[in-house]
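Presented below are the structures under discussion, each in the form of structure tokens.
In the two complexes that follow, chain A is the common piece, with chain B as its partner first and chain C second.
The block that comes next holds the complex of A and B.
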């Protein structure tokens, strides 16, 4: 009896029938996804005029839908592994022209449907666990992120560490770029934020998980902006997102200010005019920045006291002679100038955010919620009106540490 | 299946008894040497290598005969110390009346260390068969068995299966006496006990149980002796064979005794309270009992700094797991969970696999099979053509198969690392076991993915814990956990910290060295 049981147990194994085994080369590893609106909406034109786009042009990209009009175009980037490998290890060094990726665009109403429709066009099993980036066109972002991101959050194959970018113009164009030192644009984009400790003009910590947390807790935030020309990609500045919708772009310097105040600063450079000179520039390499936001309530109007502590090294001077000048007195003077510069551009940024966008990209809402819950309860429903009126004071404190080899 | 085997075994049980020589016990020597010699030769079927020489003793008329097997004795001693003395010297061998006296011959004549009287035929035949020389003299109903054995065989050489970088480089040979000498030389302790038993109805091989009285636990010795004596078989040729008849779980693929060819290992084991066994005609010693951590020890561990040795030992454990699991893990991660791998690795594996016609499992089994062929052929191939294996194996199977697109280069790497790892396991039987359980793990991986591997590992762990080597749990001192003894398990602790013998062997003398067994550092 015991033996029979054992045999039965062993017989279960082949019953599993290799379960969901798929050989590694049978999967299509989706590295990047670009989301565009369909039909594309050139600036200044109403989308309804393009409703009847010629069907013959892209017959394969269209699909039948049970319900809903085709509103989106999803482009996935699949690596053409064999070609990529040959180009890198092949004969007489690379230089081989042509893309090593395959971008498949599908037009449809829901992303799940589009995703499955692509199975009719590739012989590979689409696999999203290695997804690196999702690039969203500004057009879609302006319509609202939450509307389109549901599939990417719900699907079990999606990873929360997928980087999110907002593209200026068509998102598909970014994926079409062939970077010179990397085979895949998606891979290139996913590694780009590693440079954030060298420059502060690039938004970081903006992956899918972070974005969804922000959206669900009703916070405003900044997503990185990405632009591309034929063979180059640049990510600097950002898109301000308010209530899950993009409200406008942040310039590079504005992004720096936001990162400084939100305590996300990892390193960057600050340039000022030499105090008391016509031409000279002084450059500070910021190595450490820490900000604290203290809320207080005066006359039912919230006040925020932002203190930024910055440490850095004296990195460069341009067009002036500081030889022998860099004594304590001079450095104190410089520190004061740096401090003033920080305070100025931070204040300008906040002003624009408050008045033009009304976007609380500093997430002051969270500060109020945690620090002054009683007050928050009173104003919770009116935050959008109160935010532009809030008074914000910025105090910076700059310390110059190292001077370098020149004195 | 198993019961069928048992039935087959029991049905043929009776036939073993044909080789019995016990019935010879009832026959005793007669006073007539003519009768005696013909009878002896008759019992031994007149084989041509059994030599008889009859002669007259001294100047008396008394006839005598020596019978011996020419290949097992020292001719020089027989010619000079037995035949020559008996023929030339008559004064010492005759009593006052001038009659030949057997006792005189034994006591005053034969200048050989081992001489004993024998009367019954079973004793005499066994003596002759073992290489003794039988001397019988006309008029006496008893004879003398004179030991002038000289077995021919190899000289002591280097260990083949358990080589070490430093330390003794001697290995056992096929001659029991040499082997015993190798051990005696290393322990000058009167408590080192050699117990001789004869095993095999036909082979009657000398089996020697070795232990140090006062260290090895009495119960253990009794248990082993009891099991040894219970064996009833017609032939044994090696100690491993004997041990297979003694272990509790004969179906275990993991070794439940330690096989070694190194006398220094036997000595070290006996000093810990274990028992060794060695047999005439085979160069392998058996050490009982054994645990998995003991099998992972190598003699080299004790010749290096304990930190270095510990790192190497941990590496060995890792290799053990690689040897069992690596192909399975490769298959499960690539075919079930490619999300677990870094993206670039996935892409490069994918690139290396494009165009390979078989699924990863088939590829793995194919390479695994090829590897087994290579290993088996490598043992079998004559040394002269041995190079062929490395060329055929390395070039044809490695490179050509990849270029032809039959297997992917990454699979060649996986299998090579697996094969290398299996050779890093110090014990050959354990390494063999790891090669065998690799296959079920591959099959589990392909049906259930990592889940299957986890199941397999759990099963393996349970199996390990259920194994016992002569009453000792196979995973001691890890499970059951014995902190003090773990100093020589996963790591090799400093020698001064191991001042007690391993407790799990229950040695009668627990103290190995003074608690501060090292010499004090110089104070300057």
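The block that comes next holds the complex of A and C.
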């Protein structure tokens, strides 16, 4: 009897429930974060009569700081689950004309402080485990990414697979957009890189973890560029990051070249002018691309031999008539032309990176570190001066596998 | 006469349980800090050396088939010297258990139970540990039987799921002007496998059948393989620069896995649950060691084990909460294991040598 009583008493303890229990509707699931420099003050794009004007909001967005001047504005995107439920069931009311998300902006000097200050403005507990995307304004990226990323790496709630974007202009504007086919801009942006299999114009493998690894390893890299209009978001091209700071933008084709040379190419399309034709265009759908970089040292100057092997399917011709003419001879001619095009735009990209940005976005430094460590040890301290002078040769090899349904 | 008997498989599962523990969360961080991208090589060499030392432990146990380690010490060295040699081991086991419990609670608080106080996490864990240890070595064997397959499944899944993120270039250059560091890393690598010493405590409870040694070595090889692979994968995923800054790389690794199915977004929760079981097993093994050591040290009869358990659990609880700084707890843990490893490297071969000598003399 005594034992039974003891067991019953012990069983009462777990009945109280988990210490960490938080009701699901009390959590503020942060889906996206936008980081802007302050000033300028973030201005919402989709303001309606139900929302306060930026001038009215600013006193709420400001906070007292123990140390440091307010330099940053952090905006978090919270889904308003109840409003979204009402919208889906047709029971719209109150602020039904507003969006189903709430973008709270806080201005401050540290991101942890801003995060906690938000608790003064919402009854929800900010929860970052389901964070999908962090958008950083180009202004902050130019000041240095490492300066602002510590909170996002140190906090146990953050995930390393969170997608990172650099916005052209204000980052908060991106979160304000309600995409036509998604409720939340953050979810939209987290799914967008899946299209990298179809287009080579957007950067891949650019999450928080990869970014931090590159910064800690002292490597230059590319982050995807994102820009928005009122109801649409576009991610193409990239931001070149050198020593943790943004040094400039990469065009879509430059990004394509970087992906081809760094073995990051997932799929895309290449268009060339038809050999010997004035107007004609030929299109190759690239299905497979693989590159190797071999380093060597000539006269104490590093040389890199980049070989790109591309396979694809003939996809289209424009302004010319090729019906029944795609024989082996023609295909060989096309392969040569595609090869030349790849070599040309890759060389142009390298030239710009070396001369204009000085950014080693191909991570040739890593190639030297891993493949010629003895040489790297000698030049490690002078790499920034040596890189613009390094000689780089590119050789492409293109194979057209299939022709579609017509020859 | 001993009634409880452990099977050969249980020898393996208990050995695995004794080696794993909080180390599985941090092993890569330690090794990379010393030997950088070659940390896995130091760990592998340390692991291979530990197989040699494991044989010495096994031999000592085989020479005394009815005695466990504290009894062997007393038999070989006499009551005074034996107790003198026993004291550091007894102290080590209880300190190890206390610090392990604290590191376990810190990691759990970081990754899963952010609002539960550390004292509550440790208290609950120790209560369950106390109950399991009180039930004896046979129950410990059964617990390890249950936990072992879960542990293998979790670690293997984590390694496989992480592999697509591995960049093997991050492991290069291999051994380039890094030999000194690799050699320096061998001892720290070796100490991660010191749990093999459990054989000297459990051999007398086994059937002592042929093939026990093979299962014991299998119990050592599994953690060696897992630790080396975890280090290789972690370097490949995080790079040396990032790994040096991660306190619990294994949990961060499980958090970094990108799973296509959204409902498995928080895969680390599953890993953490299995890992709780792993630490639990490690704690019961070390509590068992400390109880046996203290019982023999003070000549306490087995029927009073329950009181020894209560005293030691309270002691471990106090030890776990003494140091306020989390980072210092990790330092103490490292120093403790290193010191004990050194002590064992000297004492156990001497004891085994002396036991062999004694046996030869008695034969003559």
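Everything that follows uses one rule, which is that the second predicted complex is superposed on the first by the 366 of 407 C-alpha atoms of A that agree within 3 Å, B and C clash if a C-alpha of one lies under 4 Å from a C-alpha of the other, contacts with A are read in each partner's own complex, and residues count from 1 in each chain.
The definition used in the following text is that contacts are C-beta pairs under 8 Å (C-beta built on N, C-alpha and C of every residue); 3 or more make two chains touch, one makes a residue touch a chain.
Nothing here was measured: the structure is a model prediction, and the numbers come from that model.
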Touched partner set for A:374, first chain B, second chain C, both or neither: second
Touching partner for A:29 - first (chain B), second (chain C), both, neither: first
Touching partner for A:127 - first (chain B), second (chain C), both, neither: first
Partner chain(s) touched by A:20 [first = chain B, second = chain C, both, neither]: both
Partner chain in contact with A:213 - chain B first, chain C second, else both or neither: second
Partner chain(s) touched by A:187 [first = chain B, second = chain C, both, neither]: first
Contacts of A:366 with chain B and chain C, given as first, second, both or neither: second
Partner chain in contact with A:81 - chain B first, chain C second, else both or neither: first
Shared chain A surface residues [contacts with chain B and with chain C]: 19-20, 129-130, 157, 159
Residues of chain B touching chain A in the complex: 334-336, 338-339, 343-344, 346-356, 359-360, 443-444, 446-449
Residue ranges of chain A touching chain B (in the complex, touch as defined): 13-14, 16-25, 27, 29, 31, 79, 81-82, 84-85, 127, 129-130, 132, 157, 159, 187
Chain A - residues contacting chain C, complex: 19-20, 129-130, 156-157, 159-161, 209, 212-213, 216-218, 366, 369-371, 373-374, 377
Footprint of chain A on chain C - complex, ascending: 110-117, 120, 169, 172-173, 176-177, 237-242, 245, 252, 255-256, 258, 265-266
